[in-house]
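First chain A sits with chain B, and in the next complex the same chain sits with chain C.
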Partner chain A sequence: MSEQPLLTVTIDNITIQVPAGTSILQAARKVGGDVAPPAMCYYSKLEGSGGKCRTCLVEVSKGSEKDPRPMPKLVASCRTNVMDGMEVKNITSPRVTDARAGVVEFLLINHPLDCPICDQAGECHLQDLSYEHGKEGTRYEFQRRTFKQHDLGPYIQLHMTRCILCYRCVYTADQLTNKREHGILDRGDHSEIATLIEKSLENNFIGNVIDVCPVGALTDKTFRFKNRVWFLKPENAHRECPDCCGKVTLWNRGDEVFRVTARKDEWGEVESLADGSTAWICNTCRFEKKKSSDWVIEGPRKISRHSVISQGHYEGKVGTTVPTEIFSAVHGGRNPKLLMDIHSVSEVNRPEIQLSQIAGPSTGNDFTTGKD
Partner chain B sequence: MQALTNRSRAVSRKPLSFWESLYLPAILKGMMITFRHIFTKNPTIRYPEQKRPFSPVFRGLQVLNRDEQGRENCTACGLCAVACPAEAITMEGAERQPGEEHLYREEKYAAKYEINMLRCIFCGLCEEACPKDAIYLSETFAPANFTRKGFIYGKEELLIPNPITEPEAYALAKGGKVTV
Partner chain C sequence: MGMKLLLEKAHVEGIRHFEAYRREGGYRSVEKALKEMSPEAIVEEVKKSGLRGRGGAGFPAGMKWSFIAKPEGVPRHLVCNADESEPGTFKDRYLMEFLPHLLLEGLIVSSYALGSHATYIYIRGEYAWIATILETAIAEAKANGMLGNNILGSGFDCEIYVHRGAGAYICGEETALIESLEGKRGNPRIKPPFPAIQGVWMRPTVVNNVETLAAVVPIINMGGEEYAKIGVGKSTGTKLISACGNINKPGVYEIDMTISVEEFIYSDEYCGGIANGKRLKACIPGGSSVPILPANLLLKTAKGETRYMNYESLSDGGFASGSMMGSGGFIVLDEDQCIVKNTYTLARFYRHESCGQCSPCREGTGWMEKILWRLENGEGKETDIDLLWDIQRRIEGNTICPLGDAAAWPVAAAIRHFRDEFEWHVREPQEAKRRNYGLAHYADPIHVPVAG
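So, the complex of A and B:
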């Protein structure tokens, strides 16, 4: 195939050149920053995703060099390819911001406001989206829809009420596993993610649905309620894994591995490896290797300073070393006469309780062992 | 040398005059001032018997709230802990088990909740951050203690009495507050 000429496209008055066949969203992500439209359902690593959530709507004010008429309606940028000379308006268009606020309001109609409970809070795309583009209140006055609880096995927790039906997990199961066991049942308002006959999802790569889920509908049951993500310390780590690349992010508290996820890039998608493939990780790495001795730690992960996860997060040497006790050196070899070890009083973060070793969610009984 | 402020004065090294060297007039003058204060209004109060009313915006010891049915409001969401500038609050969440619905309002609850009163600066940001009406700053002080161990407040100290199982203690705690 011959080398294709680059197309020139202007997004929010920034001109770049992209190869033919690039979507507007991909071109905008090349520009980066605020210009890139938010995406809830589109996932560049999953073939066929996109076009469902409508959050990436943009205005095309000039179709192309040959046909300069503007497109009559806002278009979904994840599904529209660029043309030569196209002019796109994203944040510079009031129509787009207005439409996006409406889309957010629709997405939030049935989304429960249980962020204080949800394990996704802090890294939830819907949270970010509604914070940046949404309106403060809702005009919806009716009961939010509820579903019968479905059990998806010992590893994955499904909260159907939080689902926005982006289909990312369905594509993940289709493209990463040889046989998809879950899908979307029913239609319209009743549609829900489920396995038809209640059974657990067993495939070794099915854990990746947790990473692709933009909301808290699919979360890690082995991490459930154990800690909030912003109190954990994300670290890059790897291990020799026979099934997957073994390159992961560990979410540590002290030396305890609370959670293992794939490495995510600035768009919240799983990173690409050096050879171009995507760094999906297997269930063994994700759910069963919860000891620091299982991993080779590379160092703290870079976190955007606008994220709540960056609170209390230190990079470089500060995040990896324990400071040395200098009291006696400063006081000429004298140790403090009165010293309170916080663990002798405090009942939180007790060193003898290994929360990360508990298979499921922590319960009240896990905290009553030992003391009292 | 130029003075830094206009309030500084050079020290007078003049020898005392005869009237000044008697000292007695100066002593009497000082005594007059002292005696006059016996008849003025007393600015202090006799504390344990008399108490000053708290300001309506007073921020004191934290309490953990329950709803009308006596269930704990706190879901261990961690927003108070992340808002806390002194990092005084720590907690550990747990999943509510079947049969515990009368104890905790939502499916997640704080199994352990601790405020280090030595660290707390009573800024009230935890109360502002709480999305569940669970933490409030009351109108009492943290009582004094001889050891530092006494200032680590757990859930037993912080939770308000259950209005269903301990109605007397609940009424007492409610009546003890200054109503605005």
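So, the complex of A and C:
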């Protein structure tokens, strides 16, 4: 590989070096933790996506080494490339947190908030986003918008009321299938995802729109109302598939396979394969192969502790990944003042124990002082 | 009598057709440009003229032209933005309807300057009859050797195509226009890259307003320096103003940007005063997206100086006490107009025209419209006014294209200057249904606190 000059960028007081052509969002994801701006529409595996939801807005307080002027407006970090010497403020900027809270509010005013009956609940990016960046109440006092129901065929269930119009499914169909059959009709707040004339989506790779949808607008019809995602155990599995890579995640309860999805990384995006391509899966793998015997099981899948899905997994290092702690770096080495260190005041605690690392439900054994 | 550069010959009989236009001295600039000048010299001349984009933003046209990338072997394009859909603005319609050849003349010279061999006029679908006029004019120009291959023996080839839009305001935004021209959904693109680098079909493109391109003709004819002497400061040349609302003589006027706002409204040469002997309450001086101003701030700036009809003077005081020249849609409101209703009407327009691509604009415009409807219909609450302010604040600057700003500014300005009228609507809902708030104190001289 040829040597590429590395650019230095400082995001929330953390300085890293990235190759030219990296977006601010990608650079922030390298830092990880809370520094990475949320992204509802951007999908690194889909060319041209991003820039629409405005949740990833960041403040650029110094343009670059050559041109140190700050950018006047907040910029969409997913579509703005890093310059050498750029300084970016994300969670350290009150302007950004305020604008982001505004965007969350806008996204939620017409969202039905039917999480209790939504199949996406638990792995919904909008849930995470509103939990992390939103306000508790709503100031919207009008009827939420509704749409005429559209049937997209035997595989995909469309709930237009939940849609945040991220356009990810449009790009997916453009880039994975040879002919896109659905799109955005109409404009403004009455625009909707649909096929122009009632049509069922049956391309062999169209099922991937379910994986890319950040909300519950496009869900798996074969999994509809079958189970909550947090009751299911994710397992990596593969099979010889003539059409796709065949590397998937099975969602089991006991021996039963409830659904099959592509493997998603910690940003909720479909993982890359070793050769750099994306592990999209075909409809056959996703909708037809729902028996354990169809698959070669590789083992339990790591789930980010960030996600509610991880709540059923006690396996410590096996089942969950601990999010990056960046607090002290962001705040210039200043650590939060502990009100009380549970390890030093509690007698029923082993100082070395990390509660989140306990394998299985904790027992009295975990909480003995170790003196006896 | 003000100076006229564009509309001077607008009422000569048959000026719509090539013969009369040529007889009146038309296409002189094409001859001059193609025979005597190099493309660079034309760009230089336009730069010297200080011509500012007439579409709304007021960006210097010569500067915009000089940004265009010139990669080897890639064609460049000039696109004329005739998607004039801003409420209150109808100057381009007038220009194209009466003087189609003036636009073509400007287009040919500009195409030569930019090296565009295929030039497009993107016209809004509602101007159906004007598209026909333009097509006739193009056919005439072609028959007379002003278009096509080897124009006037100079070796320069140029074709002009008229492309009809489908009636979307958003397609007046240059990148949305480009998308629409390519046959896609008219969503604005995310910038950068700017059209000057990657525009139509990813080729370097310049998008200019109709009036800007027409103004190139007098610039070439009289020279950039002469043109720059007209007007004042950085507002050079003449500007078309489409005046409408409660005035005696609505219409399109060409002004040289040295007259005061008061003169423009009250002189018989222009608007001829407020209709039916009423008093001036407010004015939107540059098309619906610019901030509305009450009478006292319209005629005099916050510093107490006379306000003039030019880019600098109209925006004097920033958004706190000023407005913008915008696209020149001068909307006058008399004392019988309700600002709340007016703001609601504008909000409804922006809600309808938002493309729905980015969330603050898509959701925020609809929300603002609903709240304003409630205020207008006597169901509002005191908190609604602050809520509106909060919504507009969070739309402005956070969207992909300027439509979000354009939707936020009228609401912000209405609340900023007419807050008591909004409050009156909340406190006296029954009375607000029966009568209007009236002029109130909006024409009183304002007390200006001295800074420091």
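As a working rule, the second predicted complex is superposed on the first by the 308 of 372 C-alpha atoms of A that agree within 3 Å, B and C clash if a C-alpha of one lies under 4 Å from a C-alpha of the other, contacts with A are read in each partner's own complex, and residues count from 1 in each chain.
Following the convention adopted for this analysis, a contact is a pair of C-beta atoms (placed from the backbone, for glycine too) under 8 Å apart; a residue touches a chain by one contact, two chains touch by 3 or more.
If you're wondering where the values come from, they're calculated on a predicted model, not measured in any experiment.
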Exercise for the section: Check the residue A:Gly51 against both partner chains and state whether it touches chain B (first), chain C (second), both, or neither. Expected result: second
Exercise for the section: Kindly classify A:Met340 by the partners it touches after superposition: chain B alone (first), chain C alone (second), both, or neither? Expected result: first
Exercise for the section: For A:Ile184, select first, second, both or neither according to whether it touches chain B, chain C, the two together, or no partner. Expected result: second
Exercise for the section: Please indicate which partner A:Lys226 is in contact with in the superposed arrangement: first for chain B, second for chain C, both, or neither. Expected result: first
Exercise for the section: Considering only touches as defined above, state whether A:Phe147 meets chain B (first), chain C (second), both or neither. Expected result: neither
Exercise for the section: Kindly list the residues of chain A that each of chain B and chain C touches, one partner per complex. Expected result: none
Handout entry: Residues on chain B engaged by chain A in the complex (per definition of touch)
Key = 75-79, 81-82, 90-95, 97, 100, 106-108, 111-114, 131-132, 148-149, 152, 154
Problem - List of chain A residues in touch with chain B within their complex - result: 114-117, 121, 224-228, 230-231, 308, 311, 340, 342, 344-349, 355, 360-364, 366-367
Practice task
State the interface residues of chain C toward chain A in the complex, per the touch definition above.
Solution key: 168, 170, 185, 190, 351-360, 362-367, 370, 387, 390, 393-394, 397-400
Completion exercise
Listed in rising order, chain A residues that touch chain C in their complex are 50-55, 57, 73-74, 76, 79, 98-99, 102-103, 105-107, 109-110, 139-140, 142, 145, 164-165, 167, 183-184, 186-191
